[in-house]
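Letters A, B, C and D mark the chains in the order given here, with residues in each chain numbered from 1 onward.
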Amino acid sequence: MLDKDCNENKCAEQIKKTFQTAEVEVKREKRVTVQLRSDLIPPFLSFAKEFMEFKHLSHMSCVDWVEDNELELVFILWNYEQQVQIIAKTRIERVNAQFVSVKKFWNQAETYEREFHEMYGVNFVGNDRLGEFILEDWEGVPPMLRDFDSIKYSKETFYQRPGREDAQNVRATIAKHSGEEVPGFAKDYTIRNIED
Amino acid sequence: MMNPNINEKDKRRIRDIVQDFARKHSLWVLAYGTGCGAIEIPPTMTSRYDAERFGIRGSATPRQADVLLITGYLATKTLKRVIRTYEQMQAPKYVIGFGSCTINGGMYWDSYNTINALDRYLPVDVYINGCMPRPESVIQGFIKLQSLIAEGKADGADKYQENLEWYRENQKKIIHNWKMPDYNW
Amino acid sequence: MAFDLKGILTPFAALSQGTKPPHTVKYPAEQKETAHRYRGMHHNDLEECIGCGTCSTICQNGAIDMIHIDGYETNNGDSGLRPRVDNGRCCWCALCVDVCPTGSLNLTSDYIYVTEDPDSFLWTPGVDNAKDGKEKLSWQSSEGKRLLDYERVPMKELEGTERVKSFAEVVLGYTEDEARKEADRCIACGICTDICPVHMHIPEYINAIARGEDDDAVRIIYDNNPLGEMCGKVCTRRCETTCAINHKGDPVAIRWLKEYVTARVKNADVIKEILNPDIAEPNGHSVGIIGAGPSGLTAAYYLALKGFDVTIYESKAHAGGMIMYGIPKYRLPLDSIDKQVDYMLSIGVKIKYNTKVGTDITFNELKEKHEAIMIGIGFEVPYPIGLTGEDAKGSIQAVNFLYNINSGINVDIGDKVAVIGGGNVAIDAARVSKRMGAEVTILYRRRVEDMPADWEEIEGAEHENVIIHPQAIPLEVISDENGKVTGVKYANAEMIADDKGGRPRPKIIEGDEHILPLTTLIGAIGQEADYSFIPDDIKEQIEISRGRIVVDENQATALPWLFATGDIANRQADAISAIADGYRAVKSIEKLLLKK
Amino acid sequence: MREKETTLYLGPQHPGITGNMMVKLKVAGDTIVKAETHVGYLHRAFEKLMENRTWTQCFPIVCRICVPEPDPNEENLARAIEEIEGREVPERAKYIRVMVLELARLASYQLWMGGQSGSMGLYTMPQWTVGDRDYILDLFEELTGGRIYHMYIWAGGVRRDLPDGLKGRVLNVLKYLENRLPDYDKLMFQNAMFRKRAEGVGIIPKEKAIEWGVVGSPLRGCGIKHDVRIDEPYEVYDKLEFEVPTHEGNDIWSRAMVRRQEIEQSISIIRQVLDKMPEGEYYNKIPNPLNWTIPAGDAFVKTESVRGEFGYYVVSDGSDKPRRVHVRGPAYVHGVTVLEEILKGANISDVSFIMNSLGTCPPEIER
């Protein structure tokens, strides 16, 4: 039988032994990070839950790494007995993102999957409740993807109350007063307001 | 008081004055927490600030309610329900907008899922400054509403009726799947 | 579940509450006072506010606009704009308050505002509550820790006792970590750029340093100042006096940061590599520049970039003018100047050394050769001290003294030196003398706080044990039978108020006269220009007033082809103004010759 | 004979619903056959908004995620940033944070007592508890400048030091609340009506609780002793003495009893905190907030809120804005899958009662 007395190092050892392609790192006390190939996630979750006593699915997350053209799925598990947290990560294709549903291990994973389907456009095979969850009649890019521009959308869709057009930019006002011409390449370093 | 130029239509009769007096002292507020400002409603209504002193109290259904509180931001999904709720309310009816979110979007000015200016979609009688407004502000808002009612100026519902097309146009810009009964009040 | 009689009866205990008085706050009849740090509506002290716009930058709701308010204009140290809060956006988080560098923006205890008009929620703090806002201040930045860093990263220097042993550079320069940390203090408001004569892009290059993009910072600096490293070492940095952080703390060390980022570039080749300058094809026009000082070099650099054929005529063996010969090497090492000049040469600037116009080449010859001429000769002829006996041996002039020292010529000053004057040149002469092993006294007519020299320079001199004797008026130079200086007679003075409202004047205290024994007396009370090389017919056509050539805002004289820059054209008497002149002259020359 | 099934929409406008959400019920008679929660009425896209905001700018907005108890949000974001950045927090700040969190817990329980009893028609209770909660809000106003949204805890510590004399006033309020507890007991917890309606209703099977992701007082109401404050003590909880009450029974009643006992524990914790709080710094200043960047990395931190384990997963890509802030409120699980599960077989009139006992907080589900 596997070692019951697994602190974070032993956990890491155990995972390494079983999943040889996994990149395992003990980040600090009680924290283990595991990078896995996407097809290894279901067996990993099953192994962690059934054999390593990681009974509690603390969290599931999805991160958009648009520059790599990938989505990262994150599973955070907690072992109540050993008090160790595993963050298991995997990357999947961003376009036509697809993953296998893990609701068979934890029923509540279904809610996360519904959310990621709606917000990131990930299709979870085996989850029959995908569809409208939080949004209603949403058309277009899933909004949590980083190429969706919320400020622009809000400005176009929702009315902006007029009356603030007289606002001036401090840097531009001073430059105009002194006759300074800030070259284009320098402007990358001008600190801007959230709306600019 | 007696302005000779006043329109016949605008002249208030004694009956209106009596009616408005009665109305302002019996404001039933629909229990619908549409946004985070709703958290200050319980303190306002319960023992510490006791809004019942002004004849303000909660009401469970729109049909019985006089006042609709929009307690902050409105998600587009809620907007649809709020419009439906408002239209179910019977005149006289009033809308109070709570805090920044109802005026120009508040904190959620750049959110893709919340409206920015409530008055484009519903007639608002009174706005209360704050994020969120304290119970004192809320009571002050009601006092303002009462004085508007007494003066016969809280006519948001009439405006809604008169400009229904304009409101509908704005509403439908946000709510794509418009499946609701016609406004018939 | 069994019948629970107790459970049915105990709730009736609630009836006992009926005897207690209610705790209701009977608003509006009574209003509970808000807590002393309640976050209500904004108030802005319009006089203290400098319109830096940091409140607007940090606002996550985009609620704060900077707007023009009548009575407040853009000027040095004030953008002339004031914040206006959109209360339809604000969430009263008070980040704007905690970040406000002047502390002018605070929140008040007022919070009730109820209206039927949604367009009336634009709130100009300090205008809309001008009457009572200040009395109601509630959440104030002064109470907590401000979000900005008000303490400058200290610049490491050689110890005073160590410094006087050699001409090694006193300032050790920021390390990379120190520079990042110091640059990070900047809020990038840009208020400093107004007072800078060149209007350098200060917030941009500081921010580039903060982000670790040193090469970009160098590019931004060279956009309108080709002598950034020199400025980094010796600029009079008026920018720092108007820095927004200066109101409550130490200004951002703009000069040292510029020094850090430019000095780390090893040599001219690396500068060229970083800048990768875009040099225009030769346009066939030729410009002559008299004097390789800051203004001449600046003009030459930008003209050369634009494809002009530029030649500088320099009477001395080195380029740099006053910055080469007037500034001691412990402030500006020779290789630093060489590096900057070498880079200019590499992009096509030509410098003819040891060529004094009027002696080696006539002005008219120059006029034949070039389509436009720019004069930037600076003030090199010292004013006499104006004392009897000043012709004595050992009575010398500071500029000549510094020139000799910087040229490597040995000067024997003995062991007791007095410097007369209170400007930077005086301090330089004093500190150089100290390095040569002498005991140095500065005699200055007024108080220390009246000295025109930089306070850092004065402090530096004090650390090096230079004796500063303020309110001392020299009366006579005393010399021995061989005509060699032995001392200076001076009188102590008291300051008396000026009837006309000017600054206080020194008045000699009768009888309080002393003699300071000396081996060398150094005069440093100012310089003037030598215009003898300009032919009379040209002199007649241009105007020379109080020692300076009169120019318009484009550095142009009355003659369309003749321009004047630097000390002979402006009254600022510093390198950065000269650079600004040179930069402006480039535009005028371009306009003149290219008809742009 | 099998009764005819009808569909009943409970909410989003319904006085018994906790917050703005809807439960679609399939009922046979007045027994629920199937329940489906519908959320999204309060979706403001916090996580998207934070991706547009600098790290400092995120702090004023996170507290809005949960109105009844905003402070765990600030605490989580601050602690996540501190973990990624490795920023030290002064000891005094840690104590102040615990005080704020426990005061928030008390305030939230006051509101819960009002809601739980209000949802069964006992309207005197909210008059008392919500009124008494206001004294805690007064303390918050004094400490943080705001009644509901405090924007007080942030990376590196807290925003302001304790004002003079606050300790005494906190103790006074604690004493007052403690004296009120017997009144609450008589009116609510010992009330036969409450017991009758709460016992045996809304049962979470003990053996399923952990697997279903139940946390907080519902988990402890199943007799399982788990609490983030002891499992993985944050701030200074490891230096404080307190009990984690549990109750066997798995129903609304046992959840209520757990909460009732936690009120006493919270009061005791705050007293200890005030006693042990050291003098000194309260804030380890961050660099210039306008260009403050956090090194690349990620962290999942959790705080024990009144509803249970409240987690934040924060990812930094090394820039001045978060790459991702993902909020995991306990209601995300309680209010969707768990609620749907335990509503099966329940009575229609118990729906809002059960929702209250689970601490269903829709703004936390959809954010």
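The working rule: a residue touches a chain if its C-beta (ideal position, glycine included) is under 8 Å from a C-beta of that chain, and two chains touch if they have at least 3 such contacts.
On a predicted model such as this, the values are computed, not experimentally measured, just so you know.
With A-D and A-B as the two chain pairs, more C-beta contacts join A-D.
Each chain gets a centre from the mean of its Cα atoms; for subunit A and subunit D, those two points are 23 Å apart.
Between the Cα centres of subunit A and subunit B there is a gap of 39 Å. For the pair subunit B and subunit C, the distance between mean C-alpha positions equals 58 Å.
We define each chain's centre as the mean of its Cα atoms; on that basis subunit A and subunit C are separated by 47 Å. Counting partner chains per residue, subunit B shows two or more touched chains at residues 47-48, 77, 103-105, 107, 109-114, 117, 131, 134. For subunit A, residues touching at least two other chains, in rising order: 135-136, 143, 148, 150-151, 161, 191, 194.
Shared contact sites, meaning residues of subunit D that touch two or more other chains, fall at 40, 43, 45, 48-49, 52-53, 57, 60-61, 128, 131, 149, 290-291. If touching chains are joined by edges, the resulting network of the protein chains shown connects every chain directly with every other. The part of subunit A that touches subunit B in the complex is made up of residues 135-137, 139, 143, 148, 150-151, 153-155, 157-161, 194. Those residues of subunit D that touch subunit A in the complex are listed here as 39-40, 43, 45, 47-49, 51-53, 57, 210-213, 226, 231-232, 290-291, 298, 300, 302, 309, 311, 313, 315, 323-324, 326, 328, 332-333, 336-338, 341, 366. Contact residues of subunit C toward subunit D in the complex are 1, 4, 6-8, 10-11, 13-14, 17, 23, 34-39, 54, 57-58, 60, 91-95, 98-99, 107, 138-139, 143-145, 147-149, 181, 184-188, 207, 210-211. Contacts from subunit C toward subunit B in the complex involve residues 22-28, 31-32, 41, 60-62, 86-92, 111-118, 121. Looking at the complex, you find that subunit D touches subunit B at residues 12-13, 15, 19-20, 40-45, 48-49, 52, 60-61, 64, 67-68, 111, 114, 126-128, 130-131, 133-134, 137, 147-149, 363.
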